[in-house]
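Next up, some structures in structure tokens.
One chain, chain A, appears in both complexes that follow, with chain B as partner in the first and chain C in the second.
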Partner chain A sequence: MFEFVSQFAPWILQGLLLTVEITLFGVFLGLGIGTLLAIGDIYGNKVAKGVIAVYVEFFRGSPIFVQLFLAQYTVPTITHIPIDPYLTAFLVFGLNSAGYQKGYVKGAIETIFEDQMDAGLSTGMSRAQTLRHVILPQAFRIVIPSWTNEFCSLTKSTAALAYVGLFDLVSAGKSIAHITYVVLPVWLVIGAIYLAWITGFTKLMDIIYEKKKIPGIDLLMQ
Partner chain B sequence: MDFTHTIIFLSEGVPLTLSISIISFLAGIAIGLPLAFIRAYENEVSFVVDAYEKIFRGIPEIVLMLLFFFGLGLYFPFPFGNAFFTAAFVLGLRSGANQSQIFRGAIRGVGDEQMIAAQSIGCSKWQAIWHVMVPQVLTFSTPGLGSEYALLIKDSSYVWVIGGLAEIMTRSIWLKNVPPYDVVTPFVFAALLYIVLTFPIALWLDRWGNKRKKKIGL
Partner chain C sequence: MTDIVMEARNVYKNYGKLEAVRNVSMQIRKGDIKLIFGPSGSGKSTFLRCMAMLTMPDKGEIYLGEQCLTKPGVDLNKARARIGFVFQHIYLFRHLTALGNVELALRQVLKLPKEEARARALAALKEVKVTECMNKYPNQMSGGQQQRIGIARAIARNPDIILLDEPTSALDPELTGEVIDTLRDLAKEGTTMLIVSHEMPFAREVAEEMIFYDEGSIVETGTPVHFFNGPHSERAKKFMTRIINRTTRE
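Here is the complex of A and B:
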């Protein structure tokens, strides 16, 4: 019943590799852009805040399928610029994740924000310096649990890749089911692989959070 | 199809999108609320709740739908051969796992004192939970429930992978595949529809929850 696992191991591994690659890339690109958006939302003027609100509302308000199809079909049709499907997928997941991570980073910055900003300014640092050397290093440590959640939901939404023509773990499952006519065991195995990867990564991040967390932060968060 | 027809055709998918999402949302409350209290007050079986949450939060909704519809549907055409049932079933179970965590946070927020107070005036444990805790927990979790509802609206687009349900996403893909192969209006309008469906209600739930929290002094 489960012979297909060894028979099609290369496909499964290839699919898993793309899933992992896109998730990790997306989550890091999302962290970078999300941090910029969070800073813009806190310090920016009205126009910047408005643009950021529209950006976040679009990426958080529409399904990943719609975003992928918009990027894959609509944008090239309007602009007449052909886009590489892999590049598009990488970008969509990064931009999508940024919409969510902006909220997490902003929340983390606001937890430590006010008095420490004043303290930084009073020692003669500029706002940017305080942000860079005092606030962000702490914000990134506080944000780890929400960041882990974001990682899980991003991993799950990468399953949509199979439907825009990329070979991820779900595509591998679809191809195997197609060839072998074995259906239920294939999806059980694919589901188990996702579960193992997500659970394992979450455990790892929990350990990192415990090691890196700011002493006494639990009291502050209550 | 011209522009107006495209828009009408897509809008006709709204009732189905809404009914899938709302049914799964209600199923999620029905599953999540008891699980959260079991997790909070029955330590012996809390590992079962943990396992359930891990499984349904750790497997992509698409894989779950394929598993139940094409996998189990092969052996149990009733009920898993029914696309609507399977979609609501999968999203409901997933939402139950999410909502259990939302409610658990709310139980912690309401605090243990109220449980002790209710029990000290003679309520049994489950009476105290039902009459004292549940109303407050529901109020306390409105922001979380708002985003869970928005998540379900978006995740209802995954039912396209099992086919046969003419909700918004499925309809926009149909329009892509039939002449004149329009790929601009359907996807742009679908995005707008989803944003309109998610945003106002999530915002309203958040506001209502905050007002209510102030009123009952939480």
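Here is the complex of A and C:
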């Protein structure tokens, strides 16, 4: 019943690779952009805050499939600039994740912001230096658990890639089921692969969280 | 050349209807130790924060030496690098060790090379006698140790003046002594200090001038002897009686 696993192993691996790549890249790009958005939302003027709010609502409020579709088909049609579909997918996942991560980072910054900013300024550091050396290092520690959740949900969102013609884990499953007429075992195997990868990665994140904990503080977020 | 280290001229700061600072002026010369005291909520901390430009005054001028800090376009970070500030609630950088707390500004602000920053930070920790905690994080230390690290962080840059905002009032009574000892050492070395505090025995010992502050302004100024023997204003009299009763009860 599970013979397809060895027969189609290259497809499954290829699909898994894309899923993993897009998720990891998306989470990292999302953290970078999300952090900038969080800082902009805290420091920025009304216009900046407005733009950031629209950005966040768009990426959180619409299905990632629609975002992928727009980026993959509509944007190139309008601009007449062909973009590599993989690059587009990487960017959409990063931008989408940033919409969520902005909230996590902002929340974390706000729990530590006031006294630590005062302390930094009082030593002669600038706001930017205090953010970089005092506030963000603490905020990122607080964000790790939310980041783990973001990773789980983004991993599963990559299933949308199948609908814009990219070969992720779900595309691999569809193709195999189509050829072999074996359905349930295929999806059980695909599901188990997601489960194993996500479980392994979250365990790793838990270890990092423990290692990065500030000694003497059990829970930063009180 | 004057020897005025810091000066406040007619400073005002309001929070809505609350007038925290109302036309306050003050001069601090090199080597001065001045102590501001008065009822809580009267605006003493706000005034001290205005001096360090951590809170922007609504009106009036703050001078650091000859430089006016309240003019637009002043590099406040550079100015703050010359002012040490010690907070009531300590505010150590929670993710850094004691040594890291003191080193950070030496590296980032004074741009000292690693070894030199380390040596200066160690010297500052030695001065406040907490070298045994140098590799501990803030939450692994007692309040008194933390506040002494806070003082080390403020003095490590060799600032022109140190502003201390109730440095002992957040500590358990048995821990205030060690912080007071540290401040006494600094006083002996001739450090210029403006201290908000209610530690009367300490004030009597080191302060050259005491400033009674109430409802946003300076009510009365004088030597410790003046305040302990009998201040002129009713409000200062009442406050001194209350505080001395409390101290003797303890």
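In the analysis below, the second predicted complex is superposed on the first by the 216 of 222 C-alpha atoms of A that agree within 3 Å, B and C clash if a C-alpha of one lies under 4 Å from a C-alpha of the other, contacts with A are read in each partner's own complex, and residues count from 1 in each chain.
Just so we're on the same page, a residue touches a chain if its C-beta (ideal position, glycine included) is under 8 Å from a C-beta of that chain, and two chains touch if they have at least 3 such contacts.
Since the model is a prediction, treat every value here as computed from it, not as a measurement.
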item	value
Partner chain in contact with A:157 - chain B first, chain C second, else both or neither	first
Which of chain B and chain C A:188 touches, first, second, both or neither	first
Contacts of A:3 with chain B and chain C, given as first, second, both or neither	neither
Touching partner for A:138 - first (chain B), second (chain C), both, neither	second
Which superposed partner A:215 touches (first chain B, second chain C, both, neither)	second
Which of chain B and chain C A:116 touches, first, second, both or neither	second
Touched partner set for A:173, first chain B, second chain C, both or neither	first
Which of chain B and chain C A:126 touches, first, second, both or neither	second
Chain B or chain C, by number of chain A residues touched	B
Where chain A meets both chain C and chain B, residue numbers	none
Of chain C, residues touching chain A in the complex	52, 54, 77-78, 80-85, 87, 89, 91-95, 104-105, 108-109, 136-140, 153-154, 157
Sites on chain A touched by chain B in the complex	57-58, 60-67, 69-70, 73-74, 77-78, 152, 155-160, 162-163, 170, 173-174, 177, 183-184, 186-188, 190-191, 194-195, 198-199
Chain C partner contacts - residues on chain A that touch it in the complex	112, 115-116, 118-126, 129, 133-134, 137-138, 141, 214-217, 220
Interface residues, chain B side, partner chain A - complex	54-55, 57-64, 66-67, 70-72, 74-75, 150, 154-155, 157-158, 160-161, 169, 172-173, 176, 183-184, 187-188, 190-191, 194-195, 198-199
